[in-house]
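So, here come the structures, one by one.
Same chain, two partners: chain A is paired with chain B first, then with chain C.
Our next item is the complex of A and B:
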């Protein structure tokens, strides 16, 4: 392995990238732009209630009462499914209204109503919702029997108590930005590969002492290095490295290797920059989907775990936003290592075949 | 007798069903300029690609400096220079950066990029990005790039095609200089005049086969028609052309009659061009 050749190729790649009229600005914008979006977003939280409800046999007026208060409700078939959904953070609260609750309410007897909150709900919101619920049942009682229902709310926080650790929208966006930054580098790397092939500069390289392995290593180091560096800078500037810097940096490095492999694959499918962009949009959207589960909990199903970027997104989210450690995210890291290694190997093999 | 730098034996390549190079054999001596001539699609570039290790021959073998091109590809590539038919420079880099990049890949220390650029007439433009260069300048830079490792064999694939006279002349000068320094030059072209001027020997390739291989002079003698051409003034004052074919018993009396009976304005000998010979052999033109 000739180190001088690889060094020369890395310098060439960087020079090409910086001077490329499309890819150069794209790389710069991806870092500056995402940082700007992050800092323009409010650092505080402002949310509306979404409520999960398990209420078999509950009369329609109960549902209407929630709707009148502009609370979005979703009914569940069982108490367990409701608990799971709330624990996942899909709903701001979950309420259980069993048939015996309704019977007691109608006969004026005191009854206990279970209310669930997800772990990251601010305590103020828990209290506000409890008050709101009490008022609602008072109104309901007035309407039905002329006197307030006598209820006793049992509040339960599902999962580890994250009181005081609630996160703002911009922090929820952080994993998405990390993935997008890495993906911009993927597009840039794939673009350079496609240009090298389309403009036949590769032919000129291949009649020198350089071989295909040098080329793949040179491009791989440049692509992964730049992707990692940009993502690390972004995390550092946004404070994402304050808790477990080594863990986050390791996750980003594995993510950078994964996207480099994807860059190789993209580069091997396209013949020019436009082709890369065409396929690239599809890849960017696909790999960004897992980040939506962090931004909009409950809107995405479990199948997103099939998308390898999920393990990066989830790790960054857990570590940067909830102070998770190695023990909490080791499974994600393992999957990230495996998917990154697989993507890199597959990309190198397919690109190598095309270039050969 | 100079040592053979290139030896090709039964070299063959086909793209699927289409035969591109059909069992060709030839040798090129050290310091020789071999003109490899043929129309587009005849197999010239495919031959260069096999000899430079870009394509693996489907059959036959080739050696450069006694090394097998399929086994010692990288050793051979370290000692050759290739100027491609298509412009393939790094357009966002300057001429100097392009040369230095390849110099480092070849491990040339130190590379005098300025001297190379001066040789191809690009002094003063070395810091400009290549994307702003004319076609002729780019082609000259490609030739300079092919020289960075002081190659023992220089492969030039249509180096002057579509170029202005100045750029073409610069490149011809470089080929002559390389030859003087003992570099073997493998020149593919369909410009017969250029091949005639520069080549020690020429090979005609047609439909993947070498149909003739010799010095231009020998080919002309073998296949060409030697003649005298005279411009004579007619009675009305118009110029007319008279042609007398040489090497026949009646040649001398015809020349004598020409001077006796007509007013000769100009007279010159005419020999067949390589293009005429190519047409004579293949029945086809070069274009």
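Our next item is the complex of A and C:
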């Protein structure tokens, strides 16, 4: 095997990719685009309600009740400032708790409490919030009057309790971005192969000292290397490498090998660049489906494990968002290695046959 | 212009063109996007907490929970199935109601109720579900809550769901993708494959050929847009007016598609150009997604005059006087585009090899 030939081929591949009017910008913009979307999204998840409260002379236990219910409150000096803040959309709701409300609660009489809602939130959510406040004050009234329910409620939390450390939407998107970045590279690699085959430059290369093995290795290194590099840059910039960098990088490398194999398959199946784009859309959609199970837990059932990208998505999600280690994800890594190896071998064999 | 020639060419375009990648892409992509948007923003991002219930005693609490507009509820047949759903995150909470829950409650007899909580559910969702369950339990025993919440809505902001905000983008995608992509790719493809040679020797004129290609793009654009509106249950009451607006929008897109088809030499350049100007074409719909941007910004873009009347008719219940001004501007834009196409066609002699 001639290393110099492979090096020359890699340089040629890179130049060809950069000069291509469709594939070059597609690769660059996809990385920049995903990073822009990531940083545009909120870094935290709003776990609790925040409401404004105008409650002159309210006793301390009222504030404690809000605290017990995990509702953040901001007190106001007047009804008017509270109204303005709620109308502006700064708070989910504004509660006006007057001394007469408190007197009636203490004496067990029914009382009417004014609650302000901003106009641009769905009515059913206002309804939900009204029920929440009703029950909070009802509980407060019950506590004062000594009433209670005859229910013994047993609570069981299933799965890790993420209270106070919920995963932000943008962090749930990270595995999807990793898969999409790898797949963009796949489309680029497949596009180049199809284009070269269509223009018969691949056949021309075969009459040079370069043989089929050089070609596959050169294209494989370029494709997998670029895919891995971009995915690694994205993970580094978004903070995904802060926990277990070696584990994430290994998973990305295995994922890059897998998509390179898929790129070979696509490139040998499609007739031209448009064919690659056409088939590629379906491949991208299919391999992105496992990321949905991370973004929307509970929406997809066990069959998702039949799609090989699941093992990459799950590993990135577990390691980046749940601080999982090698011991937790070794099965995923093994499956990724097997599926990546199989895809690469199959892609190389089929492309090799086509070129022979 | 010969109508018979146009009809023959139209059928030929429909039969052969419908097998191409671009045709399928132009029709399927807006429909897939519409389905994805309604899935994601219709149910997945609905912000409603989800409650699963196993009821061993036909409790009235279940009916009350199902009737609540702020909860998504589902009944399960066994505790195992409920646990599994909560553990997977399909439900935020799972409630197991024992036999004779209602009667025990009324008789004030102590009973055991199990509540499963998904570890990743948000505190606010847990709070709402627990409050709702407590509220309905109070109602079941006939106890009145000591508090009445007087709901006061402030400001005049319009409540628009994300699915509604995305609708203009989906309609614009349908009209622009099919209207623009089908004639432009067909023209460029004919030029690239040199099949124009065969067309030149037929009695069909250059105008007949271009018109047939544009007509197919416009018809498919209208049909796809109608499909999107039907899928989103947003067809409105003014059917004829809506069809008129969509047809004019598709005509404008098809004219632009023909213009691109005349100017571009190969499919790669066409593809790159369409990607580059895509943002400008979809700008009015993208601006609609961000309410903070003033309305006048969208009016700068020509495609605004396609989408504004459609939204006015479908979402605002608008009639002819409400959209007349936009329609006249749209008509003027179509005429301007057609005039440019005519001038360019004569200048570039598109079918000359």
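Throughout what follows, the second predicted complex is superposed on the first by the 245 of 356 C-alpha atoms of A that agree within 3 Å, B and C clash if a C-alpha of one lies under 4 Å from a C-alpha of the other, contacts with A are read in each partner's own complex, and residues count from 1 in each chain.
Rule of thumb we're sticking to: a residue touches a chain if its C-beta (ideal position, glycine included) is under 8 Å from a C-beta of that chain, and two chains touch if they have at least 3 such contacts.
As the structure is a prediction and not an experimental result, all values here were calculated from the model.
Novice: Now for A:73: first (chain B), second (chain C), both, or neither, which partner does it touch?
Specialist: Touch status of A:73: no partner.
Novice: Considering only the touch criterion stated at the top, classify A:105 as touching first (chain B), second (chain C), both, or neither.
Specialist: second
Novice: Considering only touches as defined above, state whether A:208 meets chain B (first), chain C (second), both or neither.
Specialist: First partner only.
Novice: May I ask you to decide whether A:19 touches chain B, chain C, both, or neither, giving the answer as first, second, both or neither?
Specialist: A:19: touches chain B, not chain C.
Novice: Of the partners chain B and chain C, which touch A:236 in the superposed model: first, second, both, neither?
Specialist: In the superposition, A:236 touches no partner, neither chain B nor chain C.
Novice: Which partner chains sit in contact with A:35 here, chain B, chain C, both or neither? Use first/second/both/neither.
Specialist: After superposition on chain A, A:35 lies in contact with neither partner.
Novice: Quick check for you: in the superposed arrangement, does A:115 touch first (chain B), second (chain C), both or neither?
Specialist: second
Novice: Residues of chain A touched: more by chain B or chain C?
Specialist: The partner that reaches more residues of chain A in the superposed model: C.
Novice: Can you list the chain B residues touching chain A in their complex?
Specialist: Touching chain A: residues 52-54, 74, 77-78, 80, 82, 84, 86, 88-93, 97, 101-102, 104-107, 129, 145 of chain B.
Novice: Which stretch or stretches of chain A touch chain B in the complex?
Specialist: Checking each residue of chain A against chain B gives 4-5, 8, 12, 15-16, 19-20, 199-201, 203-211.
Novice: How about chain C: which of its residues touch chain A in the complex?
Specialist: That would be residues 21-22, 24-25, 40, 44, 47-49, 69-71, 83, 85-91, 104-105, 108-120, 122-124, 127-128, 130-132, 134-135, 137-138, 144-159, 161, 267-269, 271-272, 275 of chain C.
Novice: Spell out the residues on chain A that touch chain C in their complex, using ranges where they run on.
Specialist: 21-22, 25, 45-49, 69-71, 83, 86-87, 89, 104-105, 108-139, 141, 149-163, 166-167, 273-275, 277-278, 281, 296-299
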